[in-house]
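In the two complexes that follow, chain A is the common piece, with chain B as its partner first and chain C second.
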Partner chain A sequence: MRPNRYPDNAWAAILLAVPFGGLVIFYLWPLLRTVLLSFSEGTAFTGYTITGLGNWQRLFENGDDVWRALVNTLVYAAIVLLGVPIAMVIAALLHQRGLRGRSFYRTLYFVPVVTMPVAVAMVWRYIYNGDFGLLNEVLDAVGGPTRAWVADPDTALYAVAVVGIWMALGTNLIILAAGLEAVPQTLEEAAMLDGAGPVRRFLSVTVPLLTPSIFLVSVLSVIGSLQMFDLLFIMLGRTNPALADSKTIVYLFYEEAFVRNDRPLGAVIALVTLVVTLAVTAVQFRLQRRWVTYA
Partner chain B sequence: MKSTNTMLALAATAAVLTLAACGDNGASAGGSDGGGGEEVELTFATFSPDQEPAIRQILDVFEEQNPGVSVEIQIIPWTDYWSTLQTSTAGGTGPDVAWMLGAKIGQYIDGGVLLPLDEAFEESGLDIEKYPEQLVDLFVDDGTTYALPKDFDTIGLWYNKALFDEAGVAYPTPDWTWDDVITAAKALTKPDGSVYGIGAPMDPQATYYNTIYQAGGEVISEDGTTSGYDSPEAIEGIKFWTDMINVHHVSPTLESFADTESVAQFMSGRLAMLTTGSFYAIRFANDEYSSQNFDVTELPAGAQEATIINGIGNVALASTEHPEEAARLAVFLSGEEASRISSETGTVIGSYEGTQEAFVDAFPQFNLQAFLDQAENGVVLPVSRNTDAWASREGEFLTPAWTGEQSVEEAAANLADAMNEALAQE
Partner chain C sequence: MRDRVRSRHLVTHVVLMAGALLMVSPFLWQFLTSLKTLGESTRVPPTVLPSSPEWGNYSAFFDVVPVGSMAVNSVLALVLRVAGQLLVASLAAYVFARLRFRFRGPLLAGFLVVLMVPPQLFVIPQYEVIRTMGWLNSVQALALPGMFSAFGVFVLYQFMRTLPPELDEAARMDGANPWQIYLRIILPLCRPALAALTILTSLFSWNDLLWPLIVNTVPDRMTLPVGLATLQGAQGTDYPVLMAGSLLTILPMVLVFVLLQKQFIRGIAMSGLKA
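On to the complex of A and B.
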């Protein structure tokens, strides 16, 4: 026993050091630099010197932009979260016994995940186009309301969120499908013998047993949504009249840090994003006690 | 021993030169004047893949004239160009020579990261008088030259002849005024919305900067310290465009331009007129419909004639290991030879006097002479030390004026406040 234990520990330490080293170099060190930068002033050429709370003050003095961006981000995250029940229903349908072409459908739903967000955004831009868009053509044919979906401040954020739901669907489906595999057939059969219909079985048996997967998917979905930038950047463009009302917090970060070259203020916004993400995730973990069943 | 080393060095140099010669079709074969025998490699950063063929051609000539010096092109896409250049330059790992814009150079001069080019320019034998004066001034600070314009662009009134013929309206002429444009635009607009008389996108360089100066206003004060947006002339210049949408209804809305950019709408035959730059000539020429139907003339006059003129410069970075060669390359890339190659290939209008006619001849289907004729009324694209700090807010504050939610007076006043605040921090 004794001679074996020591080499094991050494190996464990060596193998752990590799990812830990990566964590320090690529995560903790940049994080520390970001914190320092947020208290600094200067430009890339003159170098940055720590001066105090000036950047934080600036952020909260011109707080309107930040608040609006925070609200937009949370609204976006909430809408994309609606994609989770949608993914559940589709996962359950794909899980039905005897379904033909199961892998075809799974591939179909997974395609958006492996497609570049830029390409997805470009295609949806055409769909949403106010003058020649596919969506307006269809709505026009059935007498529905047409508009410039991503150029109208009233709809732009929601239109982008729909794409967000669609893009996240594939990942959500994979995780939920794996969760479904773990639901014991026997319970379903018992419920069936008790006379429960498919909907009742789904709601009373499948969903409660699936809650750990649902929880995981929800947390990942919210974290991803809080960092949304690429869809907005490409689908709206810089002279879009809806932009001012649709900016997310990461978009604001991009503008300050890379368009206006105000890296210290960008650092402040990045840290605010981090804190908000941590807080929202903490709330989710706190709430899970009320609804997640660990069998 | 010494002679052996020299022999080896020479042999190595010769070998490398031969290899280099193979690489560019023997353009730099020879290399016989031997130079110092030291191999110098320079990196040149640009953001335009479109111009790469012309640049390569120019570099071949440079390499031929400077044996032992080879230049590698590094293309960084526009979206990453400025952040990459800034961080790599600040970190000392940047390129030796790079493209620069008037709007960006202030930060680099303040940071002390650029090499003065005065000496290299004197040696080159080029004549400073042969460059457009306004553009030269963009890159000069305190009497020191940090870049020379390699090209320039001006804005013209492009129009679709087929749509003018269809509506029975006479083509625009250089004598047109603002009122002529409005009258024609009304006649060209079809009530069913399939054709609009003119495009009025919110594009500073292509639209409202021009009319602000035509109205006698200014975007930024001469000394670069205060905003000109709250003057009645600037407001008039902006109104010219917002009225096209909200009063005359002869242009698609800002929403429409957000969905489909103005140039794409123009090329699809939805707009009869569009004011935009000489830099689109090459794109229009390569499109069959545009090539057949488009032509261009000078911008209409307001209270006075004006067009926005802009150009790209070449800077040498102070972090280079070969300052002498880098400075020589930066000057060469903006020199007469480079200018001629740019023009002849129709890539851009070369900046050096006497080389520009070649650009006009490159696409005879368009009256490109209009862009050259206007250069004398050129107002250089407005800049300050930190242009991005206020230029990035223009769109944000002017949007409500374009959509009609706010009066131009109100929007312009708000923009002037924000701009003055940003300028005060410079």
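On to the complex of A and C.
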């Protein structure tokens, strides 16, 4: 008798029934439904019927909102990416041998990661306030520029991105610290014996060996940034004059699908997000060959 | 030599301390503001310390929105979502990591595909499913889609694959069936991964805004983040109360983090998530 290649068919079916059922109802069917909705017309009351490419045509003919939101989101993601070098420097400082208080620092840098974005966005909105915000007071004291940071279309998105960097720093730090653990100490020591100073050692020894972690952090940072919603939703209220120019793609999705209740357009925007996320990630994986070294 | 190391560490400490101060200063400002009067909070130049602490701002938060029921909703949604996710994800991960059956590849691919797709692609139909069931404005509406998240399956699958296959084989010789092996052998060994998943799922659930904002629109049924958002809409300028309320809602997770720091950090490192 031939041994059974699939001895567990029955058990697999029983144990997977609930998880797979849930996957189909809440994820796989929705995926298909969103694609179908993007080709449909109608409202929640009349129901939706598939009519063809109308929504996509709208997107390409007068989808200025969507394109602007897309650009905003990419700009936001690019700025938040600047947090990666900052995290690298801090991770390297924390990694020094014999440094005291390492876990103390790590705790403080990590707190923003566990705090609710809605709550911290409210704090930052208050700090950014143009009339009595803390930031303007500090900048005024040192002779810097002051303005209504989140009510000004020229600065609102950047102001939110600074908060994005602040929130992501802890996560980046943890992943980079794990990468640093894997860098052999002997290489650093060899460089030290050759007379390389700390900065030189960091740039010429640590960073090249850390590139796989840096790559991982960058990819995760961009994917996370493309999802930005909470910070914008709170920091720029509905009446904010800068909102129209600063919407991100997920914000626009929420607005079209659940405030204006234009579900088909919402579906189109969601699919645009998918395409952009895949494209940006693919570009990162392509570029990786130029700068990431796997030891 | 030793002196040089020490002075270098001194510079390091100055830099790290300055950075740490920048990281926590928003929270300090939040706390100080939460104890000020409305007048003090909008004064120019700002008052740093409140003249006399206004603890009443904290109780005022409870008067403006139904904070009690919102907190209950947040907690119930978290418990339900975490419990469901642990059960669902561990079952699926076990089947994929330890059993041999037909269509294993395509079924696993079904889970992994979902992992790569941005959440917005699911949201509209998920909302329709919940509405069709008549579950809008309920606790299960908050918890349901997240319970079946493929993220947990992936984390546990990665972990279970590293356990030696001899475990299952020995148990099978002793006559155990797959359910028993799952329950008595594999699950207990997965405790670190389950702990990490619990922490991350709790964090997602507690802090989430978009989904609760969409499905639960009645004030009594809202979660805390949504409640805070509506509070800001209603009393956008009462900063002391806003700061008191936002401080109260972040406190539980910060406390859990301080207590379970190691597990938190392992969870992040394990999944690389929550960017």
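Note that in this section the second predicted complex is superposed on the first by the 268 of 295 C-alpha atoms of A that agree within 3 Å, B and C clash if a C-alpha of one lies under 4 Å from a C-alpha of the other, contacts with A are read in each partner's own complex, and residues count from 1 in each chain.
The rule is simple: a residue touches a chain if its C-beta (ideal position, glycine included) is under 8 Å from a C-beta of that chain, and two chains touch if they have at least 3 such contacts.
All values reported here derive from a predicted model rather than from experimental measurement.
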{"item": "First, second, both or neither for A:Thr273, with chain B first and chain C second", "value": "second"}
{"item": "First, second, both or neither for A:Asp131, with chain B first and chain C second", "value": "both"}
{"item": "Which of chain B and chain C A:Trp11 touches, first, second, both or neither", "value": "second"}
{"item": "Which superposed partner A:Glu255 touches (first chain B, second chain C, both, neither)", "value": "first"}
{"item": "First, second, both or neither for A:Gln284, with chain B first and chain C second", "value": "neither"}
{"item": "Partner chain(s) touched by A:Pro241 [first = chain B, second = chain C, both, neither]", "value": "first"}
{"item": "Partner chain(s) touched by A:Thr146 [first = chain B, second = chain C, both, neither]", "value": "neither"}
{"item": "Contact breadth on chain A, by residue count: chain C or chain B", "value": "C"}
{"item": "Which superposed partner A:Thr211 touches (first chain B, second chain C, both, neither)", "value": "neither"}
{"item": "On chain A, the residue positions that both chain B and chain C contact, one per complex", "value": "131-132, 237-238, 258"}
{"item": "Residue ranges of chain B in contact with chain A within the complex", "value": "83, 86-87, 89-90, 107-108, 110-113, 201-203, 252-261, 386, 388-389, 392, 395-396, 399, 402-403"}
{"item": "List of chain A residues in touch with chain B within their complex", "value": "43-46, 125, 128-133, 148, 150-152, 236-244, 255, 258-262"}
{"item": "Footprint of chain A on chain C - complex, ascending", "value": "5, 8-9, 12-13, 15-16, 19-20, 22-24, 26-27, 29-30, 33, 41-46, 88-89, 91-92, 94-95, 99-102, 104, 107, 110-111, 114, 116-129, 144-145, 147-148, 150, 153, 177-179, 182, 203, 206-207, 209-210, 213-214, 224-225, 228-229, 232-233, 236, 239, 242-243, 246-247, 249-250, 253-254, 256-258, 261, 264-265, 268-269, 272-275"}
{"item": "Footprint of chain C on chain A - complex, ascending", "value": "5-9, 11-16, 18-20, 22-23, 25-31, 33-34, 37, 90, 93-94, 96, 98-101, 103, 105-120, 122-124, 126-127, 131-132, 134, 137, 166, 168-169, 171-172, 174-175, 178, 198, 216, 220-221, 223-227, 229-230, 233-234, 237-238, 250, 253-254, 257-258, 263, 266-267, 269-271, 273-274, 277-278"}
